[in-house]
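Next, two complexes with subunit A in common: one pairs it with subunit B, the other with subunit C.
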Partner chain A sequence: MGLAVLPPDFEEEVVHPVSRKYDDYQDDSDTSMDDANGRPSKRFRLSQPAASQIVLPGETITDDTQWMRGHGTYMTDSSTTIIATLAGILKTTNKLLSVAPLRARYTPEIGDLVVGRIVEVQKNRWKVDVAAPLLAQLPLSSINLPGGVLRRRTTADELQMRNYFQEGDLVVAEVQQVGSSDNTASLHTRSLKYGKLRNGTFLAVSGTGGGGGVVRSRRQVFTINSGAQSGGDVDVILGVNGYIWLSKHVQQADDQGRMSGGVSISNLDDVVSTAIYSSQNDDIGEGTRREIARISECIKILAEDGVRVDEDTVIKAYEAAVDAEMSVADQAGTGTRVSEEVRRRIVDAAIH
Partner chain B sequence: MPLDTISTYAQTLLRQDGRRWNELRRITASISTQPSSDGSSLLTMGNTMVLCTVTGPREGNRRGQRDNTNATVETEINVASFAQMDRRRRVRNDKRIQELQSTVSSAFQSHLFTHLYPRSTISISLHVLSLDGALLVACLNAASLALVDAGIPMPSILAAISSGSVTPTDDSSTRPEPILDLNNVEEQELPFLSIATVSGHPGSEDKVSVLTMESRCQIGGANSKLESMMATGVDGCKQVRRKMEDVIRKHGAKVLQGRK
Partner chain C sequence: MPSLASSSPFSPAELAYLHTSLSSVPPLRPDARSLGTDFRPLRAETGVLPAVNGSAHVGFSDGREAIVGVKLEVEKTVERKNTGLKYHVDSAMDIDMDEDERRKQAMGKQEWVTLTLTVPGLRDDDPNLAFLEEMLREPLAVPLSTAPQSDNSYTMSLQDSLVINSRWHWHVYVDVLLISPNGLASYPLPLLSMAAHLALRDTRIPKLKSEGEEDPVADDDWMASTYLYPRKVVTTSPRPPVILLVLVVGENVIFDPSREELAVADGIVAVSIASSTDDDKDCKVLAVRMVDSPARDTMKGIPQSEEPQKGVDVPGVWRPRVGGVKRSVLKAVIKSVVVDGVARDVMSGLDGFLNLEDGADAGANAV
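After this line comes the complex of A and B, so read on.
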């Protein structure tokens, strides 16, 4: 990424801090927990920021004792004043005040689907880069052995660890545990959805933690049908940590699992073949490659413009990109770069 | 055009570049200048320009030296060979630069909430693109902005400024006068110090977190220079902090606007 030297802006357009009042908090805390359909939401709901106004580190949020301090705030022993420690949006959850930063590193949480890169092979575990403050670990006991055998891992397995994952390999995994003392993530790939990645391309945007980027959503893995563009289907894996994998859609693993009604211990060995640890790429058609590149470009544009990246926005952006190319291609010939016009359309489509 | 401050300051009360004693040079800054890093900033103070990128908190590359309870702050300062009037090649292990690096590291090591990221490393990389005095000050301010951009928790924004002292004549009876934010020519001529403060709790005063002085000056007696320099410096830090807060607010408003 090149260095952008911005010209100094001389207009004195100063954004003044707005004084907030928390004493007249009207929202009834009992009703705010209910979802729209009456079902209480599992994730705590955060109220929307009132204005386009951020708090700064060191700024006093409130000195009212009815509030509790959450992430991004601190309080000294001597006083009851809650002070922000991050630059970001103030959020209130019932009586909990927290600051969501504009931008920050990914912080692992249990159940997150992440894409990671193996950086180190140790005695009985791999160290995986998941864009978190510390490397995540993937123990040898948390992967499926080829052939689906279920047994204790022996020293013979430890010697063969590089047959499964080598340094530089990409994996998709789930966060199984988060260390209590230092927030190290422990991953597992004990499902057919997880494992080594191949037949595709890697893309990194900012992850969950603050700012635009990938958000936690219902579906992190989905398939985009690009049949109209003479390309095959493309699998999209949106790691919550901001690492994204776009690959050619693989038919068989998915279908076999579906035919036999999911994977259980009884049929695991049929399904898990040695092929899951293969690093050999299949043949990928030109159409598929082009669509993968197109989706990759769409996601980059979304991330650069601070739009959250999830299934909905990616699909909308992709459709907009396809439409835009249809209409622009006649006039402007074949440009390799996405023009400003197309870019604007992609972002507009994703937001609305 | 006068060539030094001492001979003319008493008559005009203006410095060589036309500023009064308590006027800062123009400070402009922008944050999130480099999307590939965790946090970045580009800060100019007059003709001094510093680019800062922050990486981390991330896994440290050195084994055995990790702190199991806190994050470690590392700093690397690189002064470009074209940064000053004469082109000069910097030696690799410049002791002055090393001292600056450790000053910046220790300032932020104690200031940031490093206990939230045990066993990790926060790397601050500073590139001085243009140097006209106030090297340490510009580095501290740029790093402070980049760390805010990186979303690393801190109790308040650290702001730094340099201040010096002018004794108009050699007559020892005249009182020395403090001046704020020295440029390179003034730094070579006058005694000066670099001071950084963090804002205290509401109602209490700012706290000094960095204070370095490399020149000789009188600290006691009736004509003590140090006290006035420090008082000016602490006041200057407040001005700088306000400017930095404006930069972050403006950036935040822009980000939030784009997000809707």
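After this line comes the complex of A and C, so read on.
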């Protein structure tokens, strides 16, 4: 209740890295990176305490010849000066200098599970936003059409492409191919695991590349059991590109798969119906909705604090949030928002 | 009325989910806020800019930030041309002539308050921008003193306090810069109005060495300057207005909506409030405006079964909203703002922040 207006967090005093390893070898020409005096004295805190040094594109890192240039750096042919090409944290591995970007766009790789949003319907393909530098494409030939896999794609299908996916729709898909020249991803949804998303809510954190965010892991799709909170199970789809879908767990898909002995080319046409392209939500209980909102907050907190998001951290963070809510409810009765204390506990639980 | 340009569309399934969640009682908000009246905390600081009379920097937790600078300039007062008409109206209202004369002298004009809004990447003549600008400026320039008050509780509006003498006045320039990752999509009206509010309360008027009808000469001593709005606040002291964005979904009234919540609004209402001059009320409503809901231009959902009958709602399928708010719901909006004390909470939150900052300043000076 009410509005809380807080003064800004002051950034920790910038420690000038006098004892930084490669500083010992520098000469005077390399002053640009220590010149922190021009910065405003107070500003909002970055996502993580800036204990390490941040370089900007074009900034000279060093001109000492003993250093090798790594990712995110550049060196002209004529000189020995190493220049940063990314805005990020300077890292040294033995004699290798590299810059880890603060945030990066997703680079598609074959086999990645991604969540994407349709932005354009074209003649025989959809253009999908997957947080990559370029839009991914989803050809009409790479989706399951009602009526079976061996059906020819006709012009009739092209005319009713919006019946399958329309602008704004969310899909979960797999990267089938990556263009050799420009790294455009080509997606496919030819499995019952993939397709249109419904019964839930979407959130975006940064994908692989930046500091926190979703990382490639063993399982990108899992179910959180929130039975104790009177909510049903919640399905979590962590797209490698940082797009996340949280939805009510639907039993049906699994059962059908089990009955018919798994999905294969031979029985695909029986299972695929027009129903998979509807955007009608099932009846979702309030408990489930509340848990979905809670998990979404947990993931946002993890991403903001630069913690990687995977099955392990999400489940731990969610459990911590539930515990914290219970203890807060015991004390005050009104735990309106995720407080700083709860936030800290969530992050702690996820890291350890 | 311009509609909100949404940067990325939502899928019909998402919209249906959000709408059902928000219309349940109590509303289940996507960011786990438990009440419709919950505000997200915001970060603020005042006095950030060097060469202005007052400034503020406000940041929302979703990454939007606004920087406001307030600049005062001395300007020559142009004589009113249509005085004849004015007198005619006044005499028709049958007000005592002396009283009228005295008030007339102290009256400011709307044009003395200028507000500009800058959003990187948007043209100056963008209709959304112009609309927002006017919406922010309008409540500032409301003449509060039109209703005759008893002498002790007589308060002046912003423009009336700008009068120096009959020939000179101050001109207030409020410049707002919005830094937002998604432009105007998450309708930044409350952020901008709170930033402007804090900047105006930080604004100081230089002390004048001239007196009466002399040409104004300002005192060089900045410490001698006075605040445009008095810093010592009691409940009835004048404060700059604040605009609240209120969302209506079903029967629910929701404050401080996030971008997701805005996307499924049945109606969006902007309520500008000011601290009341009456002792028994905390706040009063200056203006109520309807804002077009972005839910109007969305794609409709596809139902599972084939026969979608005209005009029949299938539960769980998104249907674009047509806009319009019921009278009873609008009444509920005003009631929760004024009677249930949301306006009071917002004002006291802003007061509390300024007190905190004053305390910090005093502490810093003492050291």
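Note that the second predicted complex is superposed on the first by the 249 of 352 C-alpha atoms of A that agree within 3 Å, B and C clash if a C-alpha of one lies under 4 Å from a C-alpha of the other, contacts with A are read in each partner's own complex, and residues count from 1 in each chain.
To be clear about the criterion, a contact is a pair of C-beta atoms (placed from the backbone, for glycine too) under 8 Å apart; a residue touches a chain by one contact, two chains touch by 3 or more.
Note that this is a predicted model, so its numbers are computed, not measured.
Q: Output check: A:Asp282 vs subunit B and subunit C. Expected answer is one of first, second, both, neither. What do you get?
A: second
Q: Please work out whether A:Thr81 is in contact with subunit B alone, subunit C alone, both, or neither, and reply first, second, both or neither.
A: A:Thr81: touches subunit B, not subunit C.
Q: Touching subunit B in one complex and subunit C in the other: list those residues of subunit A.
A: Overlap of subunit B and subunit C footprints on subunit A: residues 1, 3-6, 8-9.
Q: Please name which positions on subunit A make contact with subunit C in the complex.
A: 1-9, 42, 44, 117, 119, 129, 163, 166-170, 196-202, 274-275, 277-284, 286, 289-290, 293-294, 296-297, 300, 334-338
Q: Which part of subunit A faces subunit B closely enough to touch in the complex?
A: Residues in contact with subunit B: 1, 3-6, 8-9, 13-15, 17, 49, 52-54, 56-58, 60, 63, 72, 74, 76, 79, 81, 83, 85-89, 101-105, 133-135, 181-183, 209-212, 304-307, 351.
Q: For subunit B, which residues count as touching subunit A in their complex?
A: Residue list for subunit B touching subunit A: 26, 28, 30, 32-36, 38-39, 42, 44, 51, 56-59, 68, 71, 113, 117-120, 148-157, 198-199, 201-202, 245-246, 248-253, 255-260.
Q: How about subunit C: which of its residues touch subunit A in the complex?
A: These residues of subunit C touch subunit A: 8-14, 16-18, 20-21, 24, 28-35, 37-45, 57, 59, 65, 194, 260, 298-299, 301-304, 306, 314-318, 345-346, 348-350, 352-353, 356-357, 360.
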